[in-house]
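Report on the structure given below.
Order of writing sets the labels: A, B and C. Residues in every chain begin at 1.
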Amino acid sequence: MANDIVVGKIEPGCKKVDPILIADNVTRQFGGLTAVDVAHLEIPRGKITALIGPNGAGKTTLFNLLTGFDKPNTGSWQFEGKNLAGVPSYKVARRGMVRTFQLTKSLNAMTVIENMRLGAQKQSGENLFAGLIQMWRGQEARITAAADSLLTRFKLDAKREDYAGSLSGGQRKLLEMARALMSEPKLIMLDEPMAGVNPALTQSLLEHIKGLKANGTTVLFVEHDMHMVRHISDWVIVMAEGKVVAEGEPGVVMKDQAVIDAYLGAHHDTDLGTMKKGK
Amino acid sequence: MDWIQTFNLTVGVILDPLTAAYILCAIGLSVHFGFTGLLNFGQAAFAAVGAYGMAIGYLTLKLPLLTAMGFALLCVVVFALILGIPTLRLRADYLAIVTIAASEVFRYLMSTSAFKDVTGGSNGLSQFGYDFFDWNPIPDGQYAFGPFNWTADQFWLRVFAFGLVGVATLLVWLMMRSPWGRVLKGIREDEDAVRSLGKNVFSYKLQSLIIGGLFAGLGGIVFVLSMSNVQPQTFVTNFTFMVWTVLLLGGAASMLGPIAGGMVFFALWVFVNEILAGMAAVGWLPFLDPAQVGQVRFILIGLALMLLVIFRPQGMFGNKKELRFNG
Amino acid sequence: MAKETPVVHVDNVTAGYLPGINILNECSLTANQGELIGIIGPNGAGKSTLLKAIFGLVNVRDGKVTLNGENITNLKANKLVAKGVAFVPQSDNVFPSLTIEENLQMGVFQTPKRFNERFEFVTGIFPDLGKRRHQRAGSLSGGERQMVAMGRALMIDPSVLLLDEPSAGLSPVRQDETFIRVKEVNEAGVTVIMVEQNARRCLQICDRAYVLDQGKDAHTGTGRELLNDPKMVELYLGNLAEL
């Protein structure tokens, strides 16, 4: 399986057969601290890639840099062959690279369905003059139908008319992911999408994420839930201290001793209840 | 205590053109703050630009009155751009500070003797704009009903002023229920979230600033038409805070809020003044001299604004549920 | 083994944040002396709300909460701290501009004289906190902050420890460390009530657990019973771990 993803040797920053995103020499420093130092990174098109690593490894900072929410010290990257460095965040989203946030940004004083409608990118009524002329009704109906279908998939349909602020933390995370999908992105970047989401629901949503891949969407997600990573990702990239330290298929990467030491922990597959007192 | 006169004055002010002017400014502020979350503490400046724009257009540039009004609105757009382009990329608090400063700067520019030839300096410009009454379609005569008693010209002025209020309210209603309005509400909640959904947040904020400013500019124009003069000391920070009180009283993000807020506010303003004057005349306020009695109103306004924000921040028509999730 | 004295008893509590909307609907829970109780369940079920109802952070509209038999329903949080109940929230749980040591000092705010003795105890469980005592809490990573937050709660020498999703956002190795430490704290005699989204790990270490659904305690049992119950797996746990 690695053969149809990778060109040449498997190593951090390796070339991909069909990359949708290529990043070069991306660095970001905060004072004396180097948060991100990625020499080369390629994300395979049409696959599900997991980005894992300890807290503080730079995963969210890398997301912010690539999507225009933060400015790097150095670096350039291309999305679908077009240069994205320096492009403002809203334009990056319009080009088809959409991200969610680690700390949920649900629009609390708006209802769930209004949150969803805002996610659509093809609503001409969002222009002031077009909005006044009332020609946007048909589009709104289509957008609402798409929104309702997603809400049902994420088990939020009962909350349709409720204010997003009244949802629980996990429900708001789901809303943010559903909302990001409204624009039918080419690459969706999910920052801990299942944090705070109940395991049974997580399992059903994984099927939905696989469905995205079947539709041609590329998925890049940050997660700490290794069961999820093992279950759906085609490729795993490991970051630590701002650098990409390992890449590979999930089964291979998760057996890497360095990865186990720094990230997975020796007790990873042990039942903690059976451990004797004092370890 | 002449209760009949008090009643007539109190109810009469509800349809006063100055009330309409403040309502228009409050409608503008509802677009800025109520719907977009922009902290504009210089609404007086937008009104002043509209007022002076029309006066200067008419007197100095010798434009016909209607064109002068158009010129005034153009000035408001330019002013909003000058204000907005540097500051809207910064945090909300910066806009607040800049708008207060801009308001004072504009007022000083209008009152300085350096530009006296154009602006009239601290005396302002007066006795102009009477052509407005040439447009009056209402036949001559006195129109009296209930507490209202107007000449044809006074009637026409009110029709014009409140007609503008109606049009402005209608426009805001149409805008806010459209997808464009939805983007503004999203920006009010979280700008980065809206950017991540592909919307140019800066552009929308600028549009909101301009539109809200235009409504305030119209308020300034109504002001000038009703007084036939324009003076810099009208547009002091008191003006801005009275507009804020009107807005918060009515409900910051509601359609009827500015109208109800304006009418109730000024009715109370007049009523309290009458009561205080009555009390002073009867000798119940020996510790205040007549000049101070008028000032007591301002103290009460400040108090009322504080209590409003603490106990009923949604005002009369605001949506309490929407407010609950702030922060 | 734990004695059978109810330390915390939640009796048919109905509670919510917004008027007219109840998150908890006649929910009950009992924690006996020395037990480690888990609370799991779907999103929006009311897990965090149940914890907050015990700690006086949400309005209890019906039912009651008792601590060692004493009625503490709607009692303000600061009074509960004085009674030996500590709460570790899920987020915003450290003072970022204060050092680790200062954060821990905040823990003994009501009994400052006990600082040294408690500091020794807490750094015994979390040696890193002792080693890095002068580091600003704001410069710590998520997992390290969790340590500080829990350490601070332990500074009051609590008899009851309430934890709201202690493993949230942590990498797998830090999550395991957290669960191991919670077990250590419990073995030292502290009654622990823990809300968790990582249901498997939670059930592995707890004595008994409650599954909340739609504001009610829908299921209960020992950790082992629930882990092995196929209905629980289907409804709440998922079987990704086995796949």
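Side notes on the structure shown:
Basically, a residue touches a chain if its C-beta (ideal position, glycine included) is under 8 Å from a C-beta of that chain, and two chains touch if they have at least 3 such contacts.
Every value quoted in this text rests on a predicted model; they were computed, and no experiment measured them.
Apart from chain A, the touch network of the chains falls into the groups B | C.
Of all chains displayed, A has the C-alpha centre closest to the centre of the whole protein C-alpha set.
Chain centres here are Cα averages; for chain A and chain B they lie 46 Å apart. Annotation: 29 Å between the Cα-based centres of chain A and chain C.
A separation of 52 Å divides the Cα centre of chain B from that of chain C. Shown for chain A are the residues that touch two or more other chains, namely 166. Residue positions 18 of chain C each touch two or more of the other chains.
Each of residues 321, 324 in chain B touches at least two other chains.
Across the complex, chain B is touched by residues 67, 69, 88-91, 93-94, 98-101, 105-110, 114, 117-119, 121, 123, 125-128, 130-132, 134, 136, 140, 163-166, 176, 179-180, 182-183 of chain A.
Of all the residues in chain A, the ones that touch chain C in their complex are 52-56, 102, 166-171, 174, 192, 195-203, 206, 224, 226-228, 231, 262-265, 267-268, 271-275, 277, 279. Those residues of chain C that touch chain A in the complex are listed here as 17-18, 21, 41-45, 48, 90, 141-143, 165, 168-177, 179-180, 183, 187, 197-201, 203-205, 223-224, 234-241, 243. Those residues of chain B whose C-beta lies close enough to touch chain A in the complex are 171, 174-175, 178-183, 185-186, 188-190, 192-201, 207, 211, 321-326.
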